[in-house]
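Pasting the structures in now, so scroll down.
Shared chain: chain A. Partners: chain B in the first complex, chain C in the second.
Right after this comes the complex of A and B.
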């Protein structure tokens, strides 16, 4: 108990003398704020990407691709296969008793970003007539749905916001067709909002392709997936891979989000090492400024633990302030910012940076670790100080 | 110069502090060197290497094919030295999740276009003679344990061949070393003529023509001529230099430039506070020593210059060390494999030195000014 009182007393004294050491202490605060701000904002990119991808796809939808495809873009399904997939077990049927699915194809469109006019590859997805039953989350927010057999497209909300020439009435040119934008859709913030959609048959006939690329089916329930998958894999006329839609999209973003996280930790780690030395510097000078004070306290009978704890507490509080400022900066400047990148096989993906509470906590934890590392050696020095010598140094 | 000893002694007055400050500066400049080096390096390395190579793709999108008949027309454009082609094949060996960068090409021309690839002439001959032959990069061959003479099955999810199969059998006829172009360079080549004969759809098309020009100065004109050749045809082309192509692909990834600059900005801003604080502390502690110097006849300006030089020495030395470490990192075998021939661009080193000088002046000036204004009597009296 006595020890705690001692720690409290010495720490209180330290904090009361902080104003005299403002400029040195600021170094720790600013240094750590920098580390945390960079770490949190870069990680916010991968969090945002993962969130968008996790929003995409439902448990009760399955996506069927040619056996061995990593992504829809590298898959090809001929009409015979598409016809066989319709007979798969467990597909939900509509009021007319027809299975709810969409055989899809896609092509890449060259568009330009609004912000810097740079060229990007966006995805134009050809979808089947049952699109709105298959994807009830898809809502037209402006204009109307495309008509089949004419070159009309609807554009996702994010694509509309980020890319040039996608207002209603604008014309987008691709090989063999001029597509008129007739509507803007949203799908609840998922990856499809970065893409454009049209009728699959129209797109296939323009691209002179014989085949679809994937089939997405709505299942009776998430549990029906296994039955659906088994019925397709046991069909000798088909060689396809069946995956849950949600898993498919998570897989697509995995590589990219891993790369971003690695960059964040490497850069953040290097910066953290720098900040540890800055903190060491500050705490050493804080200790040496109070040499006589510490020696006096020790002579009065204060224990060495109290000295160690007081220095550590000071470093920790400075680090906490720095960490909080850094996390706040990241949140203020970057939370909700939209960025776009070319995700694996997804064309240009637009997503929001997300500075989540977990990320901010992670940043503050880093700050505390830096603070403790930076405070430890100076603290030990304060405790080991030979009392007589320190007093004589006057 | 004769005061170097004095400045040096001042710098090391408090060893721990100087060392810690220095390590922080070294780390800041290490980050600066790494980020800016990669940022600048992407551009400069490519620009230097490949000014004489042009890439022709369909104007609408590089995934749209172009007719093979364009080949002879591009070849006849004045100033063109050689033309090869790339048609995307994709494919995988055994595991579908591990794609192989496979392209169909005209091998003889390919090695005339990419002059830095090392390959034995007999391999190119063998490739021309073997319809089902493939040339494989040495690293890829080693990865899968392939040897010359092996027959390998390559799966593809796109191309069905005329016998209705997704698995194509190829004979390895040779290996090559394309390390000059980095890890991203395609390292698996099949004969385009065989590919075109055997595939079920997409016949007669290719995705890229790669053009080597005789004189890099003519690259602009040649690329205009090629595009003019196919203007208003059903498949219009777009011809880009390798540099422009790489830039636009990099841009797709995101604004790397902005991210690198923002991080470096944050690091340097923090650094400014750190060095300013160190210099301020060091001058404050030496108040009486500086007063003694002045008593001995050092002019006010001389004291100011002494303190500034100390800051300069600290920053420049540490910055040099940081950038040297970054340069060493770039020389490491792992990174060399990834980027090809890559080294610290001189411009980044120069920028680093400039920033170090700037940091030294901004952080050193306030304490130096304080030292200059020092009144001898007050300072000695400790007032």
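Right after this comes the complex of A and C.
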């Protein structure tokens, strides 16, 4: 109780003298705000990516690729394999009794970003005729569905927003083929919204690559996955990997989100070291400016713990202000911003930065650590001050 | 009479660079309750050093320091600061008020180390300020007060917790003659009417005249002990 009163009294005096130390204190606040803003906004990128990927794919859909393929792009399935997969166990059937699946193939299209005209690689996905049964989340929001055999495409909402030349009626030229945009679709904010889609058979016939890359099947239920997988693995005519669609997309984003997180922590860490030194410098000068006061209080009987705590409290408050400002900046300027990135075999992917409350708390925790590290040595100096000597130095 | 302060064969050395310099050489001293002692001597003779030992601000190199029944040369640094809070009221040459606090808040500072309630603290602060004649300046900051007024606030701060011993290091050293006389009258009144034991370092013979006893320190040795009739 007495201890808290001591700490409170000394801390109160420190804060009342803060106005005389605004500029040095601002250095700490701004420095820490910068660290937290960078850390939080870069991490928001990986959080956003993970969120987008977690939205992509369902538990009751499975994706089949050639054995050993890491991604669809490096997989190939010939027509015989595709036919065998149709007979797999546990695939949901439509009203006509036909299995609901889509044999798909992908091409890279070179497009330009609206933002800065830079060249990007977008995915053109060739899909089967049961696309809309397979992916009920896919909705045409403008125009209409493509027709098979006539080089028509539909474009995802994000792709339409980010890339040039994807309005309805526009023609996208690639490898001699002219694709006409006839519709715009959304898929509930998942990764597919960054891609373009057309009829798989048309795509294959145009560049005469006689193979699919993957087959995605809708299962009777999530629990049917094991039966489906087993039936394909035990088929001697097939050599394929079967994964749940959701797992596949999570796996695809993992490397990229890890890289982004590492960058965030490395850059944030380097900046944090700088901020620790700024805080150290500020708190040292705050202590030096008050040596006489500290010595007087010590003479009157205040303990060294009160001195340590009051310096730490000041550093912590400055850090908290900085941390809160930094987190707020990240949230105001970056939350919901879209970025596009390529990686993980996904082609150009568009997703939203997500400055979650957890991230903001993480940023503020970093701020506090910086504050405590920066305040610790000056605090110890205040506590160790030889009182008799300091009282002489007027 | 009981000795409130007893020093036995006290030495104090400082290390300057690689050299050890002894500034107090075997000092023996006894101060009784109710005394007003003026410690005189030329600059550099060790007055402040001796005062700091009596006040528990510093530890002797050797010898015993017994104040208010405690061997303070044997106390740890932590318990020494608690001890100071209980027993010592400080008056400094340059007042050492906290610039951000008002006069009354400055006077209240030592009471924050006690378990007194807020209203009790306020009452005592008011009393102390009245005693030094500054009740009407309670809300002023130190930089809004004259030197003499600041020193009176400092005296109020020194007596507010009713310490066993008042120690003053050159309390009039920064004041003009008239203010110095006012301060000395105040200290003398505290000694006479409230029976406060005071140890005051000064090199001003005029200030020393207010004391009941004069001691001279020369190059780290006590000489010439003189008592005055009250």
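Convention: the second predicted complex is superposed on the first by the 393 of 394 C-alpha atoms of A that agree within 3 Å, B and C clash if a C-alpha of one lies under 4 Å from a C-alpha of the other, contacts with A are read in each partner's own complex, and residues count from 1 in each chain.
In this text, a residue touches a chain if its C-beta (ideal position, glycine included) is under 8 Å from a C-beta of that chain, and two chains touch if they have at least 3 such contacts.
Please read all numbers here as calculations on a predicted model, not as lab measurements.
When chain B and chain C are set side by side, the one touching more residues of chain A is B.
By the document's definition of touching, of the two partners only chain C reaches A:388; chain B does not. By the touch criterion defined above, A:37 reaches chain B but does not reach chain C. Within the superposed three-chain model, A:250 lies out of touch with both chain B and chain C [touch as defined at top].
In the superposition on chain A, no contact is made by A:180 with either chain B or chain C. Contact with neither chain B nor chain C is seen for A:261 once the two complexes are overlaid on the shared chain.
Contacts of A:9 after superposition: chain C is touched, whereas chain B is not reached. For chain A in complex with chain C, the touching residues are 1-2, 5-6, 9, 13, 16-17, 292-293, 296-304, 387-388, 391-392, 394. For chain A in complex with chain B, the touching residues are 23-24, 26-27, 30-31, 33-34, 37-38, 42, 65-70, 74-76, 107-110, 116, 118-121, 173-176, 209-210, 239, 267, 270-271, 273-275, 277-278, 280-282, 284-285, 339-342, 348.
Of all the residues in chain B, the ones that touch chain A in their complex are 16-17, 20-21, 23-24, 27-28, 30-31, 35, 58, 60-61, 63-64, 90, 92, 96-97, 99, 155-158, 160, 166, 201, 234-235, 248, 251-255, 259, 263, 266-267, 269-270, 273-274, 277-278, 280-281.
The part of chain C that touches chain A in the complex is made up of residues 48, 52, 55, 57-58, 77-78, 81-86, 88, 90, 92-94, 96, 98-101, 109-110, 112-115, 157.
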